[in-house]
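For reference, chains read A, B, C and D in written order, and residue numbers begin at 1 within each chain.
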Amino acid sequence: MKRTTVFLNIFLNVFLSSLLVLLLHSCGDAPSQQGQVLKINGSTTVNLAVAEAAEVMRQQTGKTIHVDTQGGSSGGISMLGEGLVHLGMSSKPLTQKDREAFPQCDFHQIHIGDDAVALIVSKDIWQAGVRSITKREMQAIYEGRIKNWQKLGGPDQRIAFFNKEPGRGTWEVFAKWLYGSIDAVPQVSFPEVGGNEETRNKVASTRGALSQLSSSWADSKTVFPLSIENDAGEIIRASAENIASYRYPMSRPLYLLSDGEPQGDVKEFVSFMFSDKGQNLVRKHGYLALADLSK
Amino acid sequence: MTNREKSHTKNPSKSDSKSRRKRRLIHELMRLFTGFCVLLSCCLLLGIVSFIVIRGLGALSVDFLTGVMAEVGASGGILYQLLGTLLLLLTAAVVVIPLALGCALVQSVFLTREAHRRNITLVLYLLNGVPSIVFGIVGMIVFVQWFGWGKSWLAGGILLGLMILPTVCVTLIERIQAVPKKYIEAARGLGLSRAQTIRSVILPQSIGGLFTGLLLGLARAAGETAPIMFTATIFSGATLPSGVKESPVLSLPYHIFILAQDSYDPATKAKLWGSALVLIFLVFLLSLLALPARLRIHEEANHL
Amino acid sequence: MSQPLFQIRDLEILQTTGDKKSLLAPLNLEIQKQEVFGVIGPSGAGKSSFLKCLNRLIDLSAGLSVRGDIKFEGQSIYQGSIDADTLRVQIGMLFQQPVIFPKSILANVLFAVKHLALAPKSEWHDIAQRALTQAALWDEVKDRLSQPAQQLSVGQQQRLCLARTLATGCEVLLMDEPTSALDPNSTEAIEQLILELKQTHSIVIVTHNINQAQRVCDRLGFIGLRDGMGTLLAQGTLRELMTQRENVAEIDAYLRTTESIRLDT
Amino acid sequence: MKTRYSPRSYIELWSWLFAALTLFVLLAGAVLLLKDSVLVWKHEGTEILTGKEWFYRSETFGAAAMIYGTLIVAVLALLIAAPLGIGAAICTVEYLPARWRMVIKTMIEMLAGIPSVVYGLLGILILRNWIYQLFEDFEILSGDTLLTAGILLGVMILPTVMTLADDALSGVARAQRIAARGLGLNATDTIFSVSLPQALPGLIAALLLALGRAMGETIAVFLVIGRQDNQWPGELFSLRPLVESGQTLSSKLGGAEINIAYGQPLHWSAMVGLSFLLLLLVVGLTLLGLWIREHSKHTSYDK
């Protein structure tokens, strides 16, 4: 009997004190003003390099850096726009529309490396000899006018097109290449994929599959990047040179986004990304570092 | 009279045995079918668990449990993911215990009208049915937007606590109702007030139900991703929180969810399965801890 | 006399769990056809368990096992390949509490007939009427056969259970304290029924009440507790049992606790 | 209710306080969902229920295809979980000795403890490939189908069905079974004539509650359903859509779109509206299940 009473009392105390703590903390200043936590959110593509850079920074400086990938690039843009994070990650250039959506935010794009969006196919299609695709063909697939690989010189196999989730930088780069602007993209519904590994896994295990994927993930073992045939009939591979020189049409810069000129912790982090160590991490994850671009 | 009376069983002995054979056959088929159901269910469990054990065991080590994630999940351990999940569970427990005690006592002791009691039960059932993603969305509206907490461990803990409230509460109510009436009457007869009766008779007899329910509920909460992904956890960088606002934690389910979609390095895969194994182990541990109490209740119920 | 109804040889009930002690010491007994055999003794001595052995309903009790054998009409029911379910059709049972299925009165009476397909559908009504008449319930329920059986009084429910058992055409009835839950009037009705059914059925009845035993039973067996086990300590007519009183302390102790009876009535 | 009732002790006050807090939190949650989705109700009206098109860029928000997906996946899950779960419950309650029952019950409840994200992983790695190979002849596009999600969910809700069915069956009085056995019915006859009819309301309630669970499940479904919008079937009763990708309310809510919607009032309110619809569906089913259980209590036999 006594035990229970004691238990109840202890419990009440714990509970009330935790309530108190809660209240005190909600009244406290937001860490953003104290500048203790650096929060980063956005593109899963950029995340790989940034998250590892954050690991190094954490060890070197003891700072707390939160990295998350909610909603991909547009998640990064909107959360920066709403003031929820200090740095956004984006794998596509900002559009006018993005800026208009968050007028209170002074977006700065910080170019940290380059990548390209590859159109990847599964092994059976690659082995059947399909190596390149034109913009017109891709449009026809996207609009549902071409549904079989035969039309592209491939086997008699339905095209299993996995569309990258809207809001992903990959999708926006792809859409811009295909239709000039995102608003011009027709309304279509395809099965959607999100993360890069999910895309690679699903394309690799599906015959006749086609999807958009960061070129660094296209390993040419499980999934294979198609070359793009331009209007002049040139076939352009998503090679490092072609991406660096922007000959490959879906080359894209990778950005960190800040609200205003980077300052304090943000500036420190950005400088780290520009340093050799930071740039090496960009390379480590298969992207092109800034130095490779200026070649 | 005997003969006449027996006629309907003895006479058509042939058709009788035919119907008996038919019933016998149905019996055997039914046993076969239901036995198969049990076997299949158990095989599913064993299959799933052994699949995860086989894939994840390689990653498991002390360093894995006590190390910090490195190289975006490809190396290092899951210390903060594990601690984050434990913190969320602890918070959920702290949140749910007073609520569950309050609701259970009101339902089974203070409310005297059957209709009112039923209403509380109804609310609990409804709460039990609320999809976990809806908890996530509501949490996002309340904690992230309205309170301006950003992502916070406390928000996750509160949401998980509310989510498991029905499990805890219903188990507790069952235990309270199982307290023999005569004890309560005896206590009241001795002149104890209602509050004293609760403290000295009802709670000591039924507090086990609270813990059983809590363990079962936490086992469910430990694996939930949907309520916390918008409100409490991030992918990397958080350690232990020092405040409420803008204080996310890492967590095992979210870790697995993200890596399942975005793991570049094959080394990450092994770590991913290792994390899944640790999570399952945690969940099983919680359910197993609740087992002795449940077995005892079961035995008692059998002897009554 | 012809072959006995039950020939019980070294029947023993063991616990399979816990301390594995024996609940019923090896028991030998013969029960004749067309007699009412009563089993009396203190509670907890295993009378009910013993009764359940006779139609193998004991199989359903978890944690108990049976050793020894019973021959029913000369046929072994534990060692042979007899079907326990078929056995239970032949040996009906009445429980302490009336157990009514949540169905109509008619559906209750015909429950076994229907689910065991004992008779074609055309005969069902006759069977129901006959069984209810035998259980002295027909006049009370004939106008409301399709009403829920739960509406009957407890005494009526017990008679309905009896009718339900009789409808299977069983020859033997086992009764486990059938009147202990009933009021005096209903008890009297059941006792009256037992005396009538005696003409056509063999009956084994467990009872607490020595007066009842005197009223309805031809012979009795006394199962008492000795060394913590249920043991058959005496058998015979009530008068024979009374004469054992001096020899067997347990019987004496039991009779002291029950109401005194007058033997000469 | 508040009449002449004054709490008489600290503990009582405390209980009422927390019970009231629970109720308040619940109501507040529901009201918030409704409030935050007002915009979309105004914008779409009933179109959100009947509209088959969801294109957020042109502000067309019709959830019919998602509701269809949700229902189909949940029903598929139930078709798998119901026979298996009820069968297993029958076996443990009616055929197996009591000590076995607890062992198996515990094992199956552990199946319930496996986190849904782990189920999702298994779905991606194993199940979708099985489905893809199994239905190769139907020229299915990929392994991400409604069927895959349904099967995965079926396994996931199996413990719920089994546990609740177990409760319903063991709620049937033992005396009823013994009485039937005493009349000469074998164990199976007893199941069909006594246990199942009496447990039926409980079983139906169990299935409805499990159905609600299935509808709310997010993460596992998200990973294997394909997340293809606007998959309204050409023919409502054709089986073909089962082996195609689709979208459920919860998989939509778990996806990236919610982050796009964040900060755009109409789109955000449409997403909140979806969660309100989901809540409504599940609450409706739960109420129906409970109503059946309550309602039949009065007609069934107690004691």
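Methods note: a residue touches a chain if its C-beta (ideal position, glycine included) is under 8 Å from a C-beta of that chain, and two chains touch if they have at least 3 such contacts.
Just so we're clear, the structure is a prediction, and the values are computed from it rather than from any experiment.
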Minimum number of chain-to-chain contact steps, chain A to chain C: 2
Where chain A and chain D overlap in contact partners, by chain label: B
Inter-chain pair with the most contacting C-beta pairs: B-D
Identity of the chain that, by mean CA position, is farthest from chain A: C
Between chain B and chain C, centroid-to-centroid distance (C-alpha), Å: 47
Chain B-chain D separation of Cα centroids, rounded to whole Å: 16
Whole-Å gap separating chain A and chain B, where each centre is the average of the chain's CA atoms: 36
Shared interface positions of chain A, touching two or more other chains: 8, 12, 70, 194, 198
Junction residues of chain B - those touching two or more other chains: 23, 98, 199, 229-230, 260-261
Residues of chain D whose C-beta touches two or more other chains: 11, 14, 98, 124, 186, 189, 223, 258
Pairs of chains found to touch, sorted by chain label: A-B, A-D, B-C, B-D, C-D
Residues of chain C that touch chain D when the two form their complex: 55, 57, 60, 62, 85-90, 92-93, 95, 97, 99-102, 111-112, 115-116, 150, 161, 164-165, 168
Complex contact set, residues of chain C against chain B: 83, 86, 89, 113, 116-120, 123, 127, 130, 168-169, 171, 199-200
Complex contacts: residues of chain B adjacent to chain A: 69-72, 94, 97-98, 147-151, 154, 199-200, 203-204, 207, 229-230, 234-239, 243-248, 258-264
Residues of chain B touching chain C in the complex: 1-2, 5-10, 12, 15-16, 19-20, 23
Sites on chain D touched by chain C in the complex: 97-99, 173, 175-186, 189, 192-194, 198, 299-301
